[in-house]
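I am attaching a structure below and will ask some questions about it afterwards.
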Amino acid sequence: MKEFTPTKKRYLEVRKLTEDLCKPLNEEDLTIQPIEDVSPPKWHLAHTTWFFETFILIPHYHNYKVFNENFNYIFNSYYENKGKRILKANRGNMSRPSAQEVFDYRKYIDAKIIEVIEKDYFDIPKIGFFLELGLNHEQQHQELLVTDIKYILGNNPLLPAYNKPFEMNEYSQDDTYTSFKEGIYEVGHGSENFFFDNERPRHKTYLHSYKIMNRLVTNSEYLEFIKDGSYSNFNLWLSDGWAWLNNIKISKPLYWHEIDGEWHYYTLSGLRRIDPNAPVTHISFYEAEAFARWAGKRLPTEQEWEVAASELANCQNANLLNLDKLQPVNKSNKNNQFIGDVWEWTNSSYLPYPNYKKDDGALGEYNGKFMINQMVLRGGSCATPVDHVRITYRNFFQTDKRWQFTGIRLAENG
Amino acid sequence: MKEFTPTKKRYLEVRKLTEDLCKPLNEEDLTIQPIEDVSPPKWHLAHTTWFFETFILIPHYHNYKVFNENFNYIFNSYYENKGKRILKANRGNMSRPSAQEVFDYRKYIDAKIIEVIEKDYFDIPKIGFFLELGLNHEQQHQELLVTDIKYILGNNPLLPAYNKPFEMNEYSQDDTYTSFKEGIYEVGHGSENFFFDNERPRHKTYLHSYKIMNRLVTNSEYLEFIKDGSYSNFNLWLSDGWAWLNNIKISKPLYWHEIDGEWHYYTLSGLRRIDPNAPVTHISFYEAEAFARWAGKRLPTEQEWEVAASELANCQNANLLNLDKLQPVNKSNKNNQFIGDVWEWTNSSYLPYPNYKKDDGALGEYNGKFMINQMVLRGGSCATPVDHVRITYRNFFQTDKRWQFTGIRLAENG
Amino acid sequence: MKEFTPTKKRYLEVRKLTEDLCKPLNEEDLTIQPIEDVSPPKWHLAHTTWFFETFILIPHYHNYKVFNENFNYIFNSYYENKGKRILKANRGNMSRPSAQEVFDYRKYIDAKIIEVIEKDYFDIPKIGFFLELGLNHEQQHQELLVTDIKYILGNNPLLPAYNKPFEMNEYSQDDTYTSFKEGIYEVGHGSENFFFDNERPRHKTYLHSYKIMNRLVTNSEYLEFIKDGSYSNFNLWLSDGWAWLNNIKISKPLYWHEIDGEWHYYTLSGLRRIDPNAPVTHISFYEAEAFARWAGKRLPTEQEWEVAASELANCQNANLLNLDKLQPVNKSNKNNQFIGDVWEWTNSSYLPYPNYKKDDGALGEYNGKFMINQMVLRGGSCATPVDHVRITYRNFFQTDKRWQFTGIRLAENG
Amino acid sequence: MKEFTPTKKRYLEVRKLTEDLCKPLNEEDLTIQPIEDVSPPKWHLAHTTWFFETFILIPHYHNYKVFNENFNYIFNSYYENKGKRILKANRGNMSRPSAQEVFDYRKYIDAKIIEVIEKDYFDIPKIGFFLELGLNHEQQHQELLVTDIKYILGNNPLLPAYNKPFEMNEYSQDDTYTSFKEGIYEVGHGSENFFFDNERPRHKTYLHSYKIMNRLVTNSEYLEFIKDGSYSNFNLWLSDGWAWLNNIKISKPLYWHEIDGEWHYYTLSGLRRIDPNAPVTHISFYEAEAFARWAGKRLPTEQEWEVAASELANCQNANLLNLDKLQPVNKSNKNNQFIGDVWEWTNSSYLPYPNYKKDDGALGEYNGKFMINQMVLRGGSCATPVDHVRITYRNFFQTDKRWQFTGIRLAENG
């Protein structure tokens, strides 16, 4: 593995973006946790900082003085190897430390990490990797910040706006499928750039002939699915999905509101009419899978997706994290939406690749221990930092999760 | 019923105390709701204001313009007659309106209510009563503010302090019981002062001879109960209480911490060693009732308590809401603790008095609809506003509640 | 206390009735537990037997050989002093011991107890009392057998009948109230006959003038309450009751079915049209209390009920446990329904009488430990054994229970 | 697809085995449902019969008269296309129909189905397939009968035996691994024999080199895992598994009891010391996966398992359903345990094969709608009917299930 050595500039840019994302929020927005999946923005600000303190400063910085002994308990997320921590559901019950203290914490850690970078600690084994991991980790939390902020505001009866509305470009609809032939393909991360362990090793896989859509499913298409009574047609649903939707009474995507017979949704710039040509988003795997069945298609596997994206993805104008947007947009001629806009549910379970090796200790907790009962999503979303996603990137969520920017690309047998 | 006409001075004083109580808090403290029983301080600030808006301004103020149409949905507590409202458990999920908006809301309403008082709207039937009710309602929420703030801070791993420590006066222990003879007594509210409907009518009741303690049970006495293994001796507990404590693993009062073999508790001035002579507090009815059994005594009924307090209560130096204390204190010679310090669990269920009449509509929802499955507490606590409590006052909580300042006075058959 | 000495004849009669009640059942009916409140009939058969074994034979019978060492674990109900036991909810998971083994167990114990009676063990202190307690205990379980059998069959989609339909006598409606004057009355058990400790001591109480109805509320009256939209009118309900009925979607008494616009109910002789003049039954305290409010009346207190019944109750033709009926019947001229038909909800919490003493050890667990969060019912029902109930008898259930034969008698201020 | 035409002889044999399995049970055993996963044996007897009635007699038998109109509601399992049904958790609350009625139901249906077979209805499209499907369906329920009976008896404090103990053959331990080379393999059902749709189509897959163990993991090996503190070492567990075991306090396989320091387990012939060389069974996927990690190995994928079994499986003496055993046995030289003994957890999610087609309507509900959040198990167990399992057979359960005969075969990278 090549040793990574992030520059001070890159470090500061990533750290700044996290804080920029929180600028439109008041202290109250930073603090609450309306559902267990959503963490308080203040917690993200502190946890990403704790990550650098815990994995770099405490083990490697000479005579390091911990900022606050209690923070390990409050800001550890799920690293059993790093000790006890508050229950995830209690993150929103922490009015202290205050936002100000958390920003002070960030400053304190940043100063120390800059020292590490400037004083060239890079002879310490793996320190460059951990720095880079810390930045990638923070980028993952930037995406969660966006989706958690959206939930915090979108769940509020006042539906407050976070940014300004932007104008949607014109849409050029074309509904074509690209075919791929049966045979052996290679998937997985193979370059020298940064990767997460779950993307490795690059390996051969056998695919049967298939076709894949050159864009994402739109709101207007999804509306047809709704109007066709699909949420009450059990034949379209997996058994677990049918139980799920009847249990919590789901009949539309998250954030959709029917007001006087017109469909609206909450976006980060406020409530607006749904844009018919924009990709549908905030749907569960169950809904994506049922939509595909209704449409007479299916979801692609993650291997099919990766092989197709490797060949087809045009990343020009990819709609990734941009503080002025944060909403999926219409397909353009230049962009087939493989990268950005919405995470695309695949019909693949999140499992280890052949010859995958889980690291020991806390690092091994990063990805490996989650490889069960989750489905893989690919491609990044309008909330993913620009230099964070790649074609081999494997995201994963449980089948009922909807607060991420999730959507649908269809496939069919070739 | 005498018509009430609160003065501007009194109105402003009550309203100011609510805001004073929130001064030591930051915006985050104002916002969170760590358990369903606890409401965010911001919610209390707004709900008490909503009460004046809903019951006085909207029906009676000419051409009244509602401050914000959404606030009825967000700040109605439990008045079915006043429309839908967010679930109680979601109060802590409201980062908006911000604290600043809530303070603006208070100013807006205060200006209008002052107008009502100054322009002498008192020919409107019952408006004086509703003003006085609004102030008494706000005083009840002042008490809840104290207990909810205590939970918000005392539940935080950092255990932050709210006020400064104060010195406990010396204690003069005397453990005497006063006897009362069998016979007919009168209880209930009979004067022309303000009252809640549940205190009425004043009526005769038959009591059997009994004795009642002249002070509250102390921490050192409660510690003996703990050390005697009482939390694992089923014979001391009501069946429901035994199930309750085994289910949630209770073995000490709320806020108690055993640190290196020494007992401490969280107070609003921070963590400190328990004061052996101060009244035990933050215990459930189950614990109070089991303690009494362990001590070979029993809890008094509410009638026994009221008859005794009518004769014995020395309210000099009563330890009621005082921003510099907010903690029960030792008994002094002048004060037998009937009023203030802690709410005293009685062995009486909260039920209507003979000939009680529940009002129609929203007003009838104030007290009457809660008359089931709760126990009566008497006497006020160190968090009760000074002019709010009286000997006939009936407080009530479910048997498992511990976040109020609750305590024990013993009785026995005479 | 007078020493009790039940005769062999009485012992055998009580024991036989329990078995007679089970005759119409098959092994499967004897075994299941469709809800936690309902115990399997087989469990009742064994538990009542375990009671004699545990409280009489094990401590007092010389060289007693326990029938099966495991039965204490399986058939102890709630006596913490008698060791561990299976969770109540698991009683229906015991296919073994088989019904046959349980009947063998009964025979084994009966033979030994008869010996105790015949060989005159009555110089052992309290043994007569425990024998009599065992018989009264068994009679309580006979009532539970009837209500549990009704639930087992009435919850089955096949709605199988247990006995044959009987013809309802003609009804003589008269809707009068009897007045009682304000003053001191005596209530509680005072004779030398058997009693439960919760009925003692007889004591003075002060009542305000009141009126009480001379019959029970009927199905047709209750139907008016339903038709008036009462199940969706929050102003009629206690707050807890409103939450309860919305949570589990209650809109009619237990066992009622609306079939093609006609109201039916399941009775132990099968499904039939509701009889308009028979007393309404299988309603919760919440429903009884709301009905009374709707009718402009209230429920009586247990003291009011007892004073009235002492004067008025005409027990001729009381409709108590009769294998050919087991359903409340119309009021006749001779019977004002104070005794039998349905247990009457009072607005009194189940709490100790003045100077009540809870016994030590297992015996103290019989009644005292349940004195919280339950309401008192009076008068016995069509499932209560004939010689078991009396005017001072205090039954008690939680406010949401409906599987007992529960009903309503109205009262009002005098 | 070849048309299937089961003979009368085969039909009667399969049907008889189901009844034979129930012979050692009493009516009570036939009726109860101690946990939701376990269905009452009576329910299995009726549901398998309902399957023939619903899919063959009702649509195809001329003038068919339904046995009992209510049975569709009671005995439909999960076929949404066949109407409403009782909740799965309520199956154990059905004391009626009685066991006798269910056996009568079986006779009634058998007579009609024999007519169908004898009168040669086989020109009706798919009727042969449905008959064969009905028999395979019944065989699946035979396996469930064994595991459910084991739970019903093994959960009972009396631990009653179902059959007689048998002697375990001597064990020949050899711990070898067989290697497979990287390359393209074929998996899936390809012959003309009966199959379930989830086994199709046969297709190519790419495997990386791997090794697979020639026997199952034994109790003594699993005991080492326990003794090594593995149930409290979070590094061995998937995150969900760690939460699961801490939530329900798991520290050993289902049915294991530590008695006076010695490990025993409940078998269908009663409680006995664990046999060190027999395969460990009644473990969840989480436990299987953690064991493999502890052993420095991994679980095979279902493709790896199938390729290996195709080459290696020696089915001589396969320990499949045998009323005299019903317990996994030691490996012999002739049998490497691929078939029989225990279902082997693989690390493959239950998902559709490439080009899988789900049938329309009720038939499509048989397998396809369960393809989410379950893991594949292979090889059959000691409770699988002899002619029911095959190398391509895909069984599937959620990751926390333990009441099936489940076990472990290890693999490693080649």
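Which chain is which? They are A, B, C and D, in the order written, and residues in each are numbered from 1.
In the analysis below, a contact is a pair of C-beta atoms (placed from the backbone, for glycine too) under 8 Å apart; a residue touches a chain by one contact, two chains touch by 3 or more.
In this text the structure is predicted, and so the values were computed from the model without any measurement.
A.B. asks: Of the other chains, whose C-alpha centre is the longest way from the centre of chain D?
C.D. replies: B
A.B. asks: Distance-wise, how many Å sit between the C-alpha centres of chain C and chain D, to the nearest whole number?
C.D. replies: 46
A.B. asks: Between chain B and chain D, tell me the centre distance in angstrom, where each centre is the average of that chain's C-alpha atoms.
C.D. replies: Each chain's C-alpha centroid was found; their separation is 59 Å.
A.B. asks: Measuring centre to centre with CA averages, how many angstrom lie between chain B and chain C?
C.D. replies: Their C-alpha centroids are separated by 38 Å.
A.B. asks: Provide the list of chain C residues touching at least two other chains, using ranges where the numbers run on.
C.D. replies: Expected reply: no residues.
A.B. asks: So how do the chains connect up here, line, ring, star, complete, or something else (other)?
C.D. replies: Here the contact pattern is a ring, one closed loop where every chain has two partners.
A.B. asks: Which two-chain combinations touch?
C.D. replies: A-B, A-D, B-C, C-D
A.B. asks: In the complex of these two chains, what residues of chain D are touching chain A?
C.D. replies: Where chain D meets chain A, its residues are 78, 80-81, 182, 184, 203-208, 234-235, 237-242, 285, 289, 347-349, 351-352, 354-355, 360-361, 364-365, 369-373, 399, 413.
A.B. asks: List the residues on chain B that touch chain A in their complex, please.
C.D. replies: For chain B paired with chain A, touching residues are 25-34, 42, 70, 73-74, 86, 90, 92-99, 152-153, 155-158, 160.
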